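Presented below is the structure to which this report refers.
Read from first to last, the chains carry the letters A, B, C and D; within each, the first residue is number 1.
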Amino acid sequence: MKACVIGASGYTGRELVKLLLAHPKVELSVITSRSLAGQPVEKIIPQVTGIANGLLFSNPSVEELCGQQDLDIFFLALPHGTAASYAIALLAADKKVIDLSADFRLNSAETYKEFYGEEHPAKELLQKAQYGLPELERPSWEKSKLIASPGCYPTSILVPLTPLLRKNLISTSDIVVNSMSGISGAGRNASEKLLYCERNENASAYGLPKHRHLSEIEEQLSLFADKEVVISFHPHLAPMNRGICTTISVPANENTETSKIYEAWNESYGNCPFVNILPSGTFPEVAHVVGSNRVDISAHFDSRTKRLVICSTEDNLIKGAGGQAIQSMNICEGFDETSGLL
Amino acid sequence: MKACVIGASGYTGRELVKLLLAHPKVELSVITSRSLAGQPVEKIIPQVTGIANGLLFSNPSVEELCGQQDLDIFFLALPHGTAASYAIALLAADKKVIDLSADFRLNSAETYKEFYGEEHPAKELLQKAQYGLPELERPSWEKSKLIASPGCYPTSILVPLTPLLRKNLISTSDIVVNSMSGISGAGRNASEKLLYCERNENASAYGLPKHRHLSEIEEQLSLFADKEVVISFHPHLAPMNRGICTTISVPANENTETSKIYEAWNESYGNCPFVNILPSGTFPEVAHVVGSNRVDISAHFDSRTKRLVICSTEDNLIKGAGGQAIQSMNICEGFDETSGLL
Amino acid sequence: MKACVIGASGYTGRELVKLLLAHPKVELSVITSRSLAGQPVEKIIPQVTGIANGLLFSNPSVEELCGQQDLDIFFLALPHGTAASYAIALLAADKKVIDLSADFRLNSAETYKEFYGEEHPAKELLQKAQYGLPELERPSWEKSKLIASPGCYPTSILVPLTPLLRKNLISTSDIVVNSMSGISGAGRNASEKLLYCERNENASAYGLPKHRHLSEIEEQLSLFADKEVVISFHPHLAPMNRGICTTISVPANENTETSKIYEAWNESYGNCPFVNILPSGTFPEVAHVVGSNRVDISAHFDSRTKRLVICSTEDNLIKGAGGQAIQSMNICEGFDETSGLL
Amino acid sequence: MKACVIGASGYTGRELVKLLLAHPKVELSVITSRSLAGQPVEKIIPQVTGIANGLLFSNPSVEELCGQQDLDIFFLALPHGTAASYAIALLAADKKVIDLSADFRLNSAETYKEFYGEEHPAKELLQKAQYGLPELERPSWEKSKLIASPGCYPTSILVPLTPLLRKNLISTSDIVVNSMSGISGAGRNASEKLLYCERNENASAYGLPKHRHLSEIEEQLSLFADKEVVISFHPHLAPMNRGICTTISVPANENTETSKIYEAWNESYGNCPFVNILPSGTFPEVAHVVGSNRVDISAHFDSRTKRLVICSTEDNLIKGAGGQAIQSMNICEGFDETSGLL
């Protein structure tokens, strides 16, 4: 099976390339980049030296890509908006697309406009897209031609919360989520704010109270709660390359009990290789999940405030991006779900 | 004026020593440590090389310390419990004590027992102690002989919240506080968990839901709200030497308005040299306060959730420990409040 | 094929376990540790959660280990001295041993005594051991029962220098080597000096002028130069988890020319999957080799001083330890040399 | 006394501003920046919040600056070339200038051209400039109107070496210097290579074998040796904000003895408050000098190679830049040499 990565200059694209080059079932045969066309992949992503098979970045037109018969699956690691334009053409050519941008994560074009500030570029595709968080549900993914790979923050929040909402084990109001992200989450733009000396020995909140990822978090939470859920979300940058550490505070409802929380998690995730449920009273650590496709979670009931505290960690570039995309591909293609992943 | 630091082997004690050696109005003439007695201060705290005047660590008995007529003020940088035993003797000898431990931060001996797991060692002194967060109130401190310097987390929470509670500008229930601390906050014990390779490129929650600092945070919040306040508090470790980044989510009440929040802050802190009020929509950064005695704060109203988000940062070893102790001394002794501090 | 790791509590042992658990040709079936016996491997090394197959640490006697018929290969991740005592028994039982300690890296028992301060514990085995740096030479390794896996610093120095000494392309006197190591190189002991706050934002030389690794570096260099080589070696700690960055200054001799240097490297390493030769004028970076088993090297002639400058980088825990041990196993067992390695 | 900083947007300029604002004898009354004119200094350099007295960045012409009668001293924190053009005008107006650029560090315009690639912009001033490394010599500085503040690397090399060369205690050939610098040494340009995720967990050599600082290092060494000295210099970047860690390897000559090295240092630096001589066998650490104006040095004789190893550390932004400039000012103006410095 042959794969193509479109747009591989950022941190997400690079990690995806690295994972695909090491994947036992897939041959990564085309890597595109407008700015890097002609350059050896090993020169630009030195971490893959020795495993990149002499690949060069190329810059084919969409038409050329659509015309390559032997290319089976396309990963889009592009900015939102741009991704949609590729997806339209590739789907029209009956290609399989896994989009890592935000373009197809939402069901609602109105929400897209509210959070991304522009009309959705391909409204007709929104209902055809599959939200690619495999732990949430596994319907007829095989038939899906368009997977919208979730954002990094949403993954760390939806995995622990959705089983509890589905079973009405927690309140749906006054949920407060704090997340710390490694700096790669802010992208690879040469901006003064992201210089080493600006972020090292530093930490701060940013983008609150209305970060774009809220749109996709709330849409999914509402689906599982079967009513509208609006949450507080506070993203932060912490001085590390990778990883997300999320802490969620949820008011208890009449059903909330630690044992039921764990029962619901065990039931939902008993067969999920990438969800690691830790005992109450222990705390997931970013360093334990970096390099893996896992989400580690634990829950703690606070009898003083009648609130449940849920902690989760993940690698933002793997489970929060490239690894999750590959996990989705594995499922769609009938590979072992863990193929090429740790 | 001559000062003595008792117990200077930890990060708090070291920073305090450094600040006192550079203070223009105080001579630091005795630095005690059981384990380091006889060693030159410059050897153990190389950061003060050239300004330590040949001082050696010593290990005098409490009686000897009490008998030194020319020693005016004593800083206790000791574990809780031990600090109290020194305080009893020093106060009996009519010395001025600034205690950086938790021993005298609470009014209630019951709360102390609940959170620290042992009987309070000097209950009779609890009412005599002054909670040393100068921004909160400045009564007749000159007369106070015992200052209980606050914890690092409480400082970052109490400074922004107390003016709002006093004026009933926010709800008092369902307050959720998340804090990230630099690793120095975990102390200087040779523990595997605090090794460089364990904390670097790592982040995690810890000690929740009932961290010891909650006792002092809630007691002070309740005082200012004039009713019992119970909060959720989620401390985290982030990979940096110093600094605390706190994000507070508070439900709005009928009075909550961004402009009123800022009015209350300006009114309370207009003359406070160490509170830096940032505009709504901007976020305090740890790197901006490291090395200073400041707390930087800002507030953001979230109309979607009807909650107020407050962000604050401080240097945990300065405003959260040694710097605050010196600020208290400056006020007590009638020095310029900023003397020896940035 | 079944493998056993003896002593897996340190950073080297942990990385080795992680690599072996992911190796496609080997089943890691026994992991021993005196202090951790009975504990699940996933609990102690959370990075292998999901791939550790329920393994527990165990603490069998040497006799029990020797008696396990189905155990084919033993990796010793033990302190020097202790490693030798295991090796003696395992070899007597005709087991294959790959020792990651310093016990069998030297040919000379006298040098061992000089650098390690004690009599060599198994002199009779010194001549039977194979120095396990596969890039240097590949004789009849298949027959070797005892592989002495090299130290981290030596690997970064021997790979670039030995082809040049063999061809007499550089002087053998006045070689000056500076290396920076990530903190994992200093081990996992709960020592105050290795606390996060002591090594973060810090850098320093240590252990010079007579670091223990000099013994093995000089013995190998002398072998390839066919005369005694004595060098200056200056190790440093730099604030990062992993990696070694080595810079070597060598006086030119009458044969030194950049083109000849690269010819010699290309000739020696043309078929070596883990040596990456970079053009003169570019510099290897630690971040490019972390996670891989590669050594990246480049050379630069300084016409002003008539000295050659050679730069190299590697991951100290992979090519400098566990990865190299696996590479040796791959070669001995006839697997693809890159099996289980990046 | 009133001071002006011209060009304060980089890390050097910012640190200089911070130090000057805290200096007890100087009022920093003008801070210029083309790009930041009109902005409050506290907004751009948040570290000085509360001590910047409402200062704004301004953008006066050189003529306006020359015309301000009450401005006594000008610090140039500008790129080389630009600095010279300001210096010409300011000196013509009889102002005192401390230049932190490379423009006046060399005696030889030819060397400037060789290393900086362009004609020297003000050759006639080269002989009037005083090389501002106060530890080296203290002639009639009071009369000097133009101080050329040294580079960061040169300071860490010249302080330990010059006393030894002056007394002929070491060889002058085959000197090999390796330095690691914190990332602030690479400047504050928004370049991809300096992004947090590119430099964190990374280390590498760069700019060798002919780094620009060699010009000034060799010129000074040659002055003190009274013959031409050509050295090998290998700069590296290490993942920390600040600090330089230098390790120098020098062949012994017939006079080399550890005791004589220390005698020479003690004689030269006995009265120097910012040189800290550590015992042989101990190693300077970057973390011990960060925040101070000190250089820490130690020496170790290697009897195996007959070479002397010298280690030094400094804060590249203080003793390597802003602090040294202030130290020079203190001496010129007759203030206590340590005024405003730690």
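Going forward, a residue touches a chain if its C-beta (ideal position, glycine included) is under 8 Å from a C-beta of that chain, and two chains touch if they have at least 3 such contacts.
Because the structure is predicted, anything quoted here is derived from the model rather than measured.
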Task: Minimum number of chain-to-chain touching steps separating subunit B from subunit D - done: 1
- [ ] Compute the centre of every chain as the mean of its C-alpha atoms, then state which one is farthest from the centre of subunit B.
- [x] C
- [ ] Using mean C-alpha positions as chain centres, tell me how far subunit A is from subunit D in Å, no decimals.
- [x] 47
Task: Rounded Å distance, subunit A centre to subunit C centre (Cα mean) - done: 37
Open item on the list: Between subunit C and subunit D, what distance separates the C-alpha centroids? Give it in angstrom.
Closed with: 39
Task: Contacts with 2+ other chains: residues of subunit A - done: 198, 200-201, 239-241, 285, 287
Open item on the list: Considering only the defined contacts, which subunit C positions touch subunit D in the complex?
Closed with: 174, 176, 178, 180, 198, 200-206, 208-210, 230-232, 234, 236, 238-243, 245, 247, 249, 251, 283-287, 290, 300-302, 304-305, 307, 309, 311, 313
Task: Interface residues, subunit D side, partner subunit B - complex - done: 22, 46-47, 49-51, 201, 273-274, 276, 285, 287-288, 291-292, 294, 296, 338, 342
- [ ] Would you mind writing out the residues of subunit C in touch with subunit B in their complex?
- [x] 11, 182-184, 188, 190-192, 194-201, 239-241
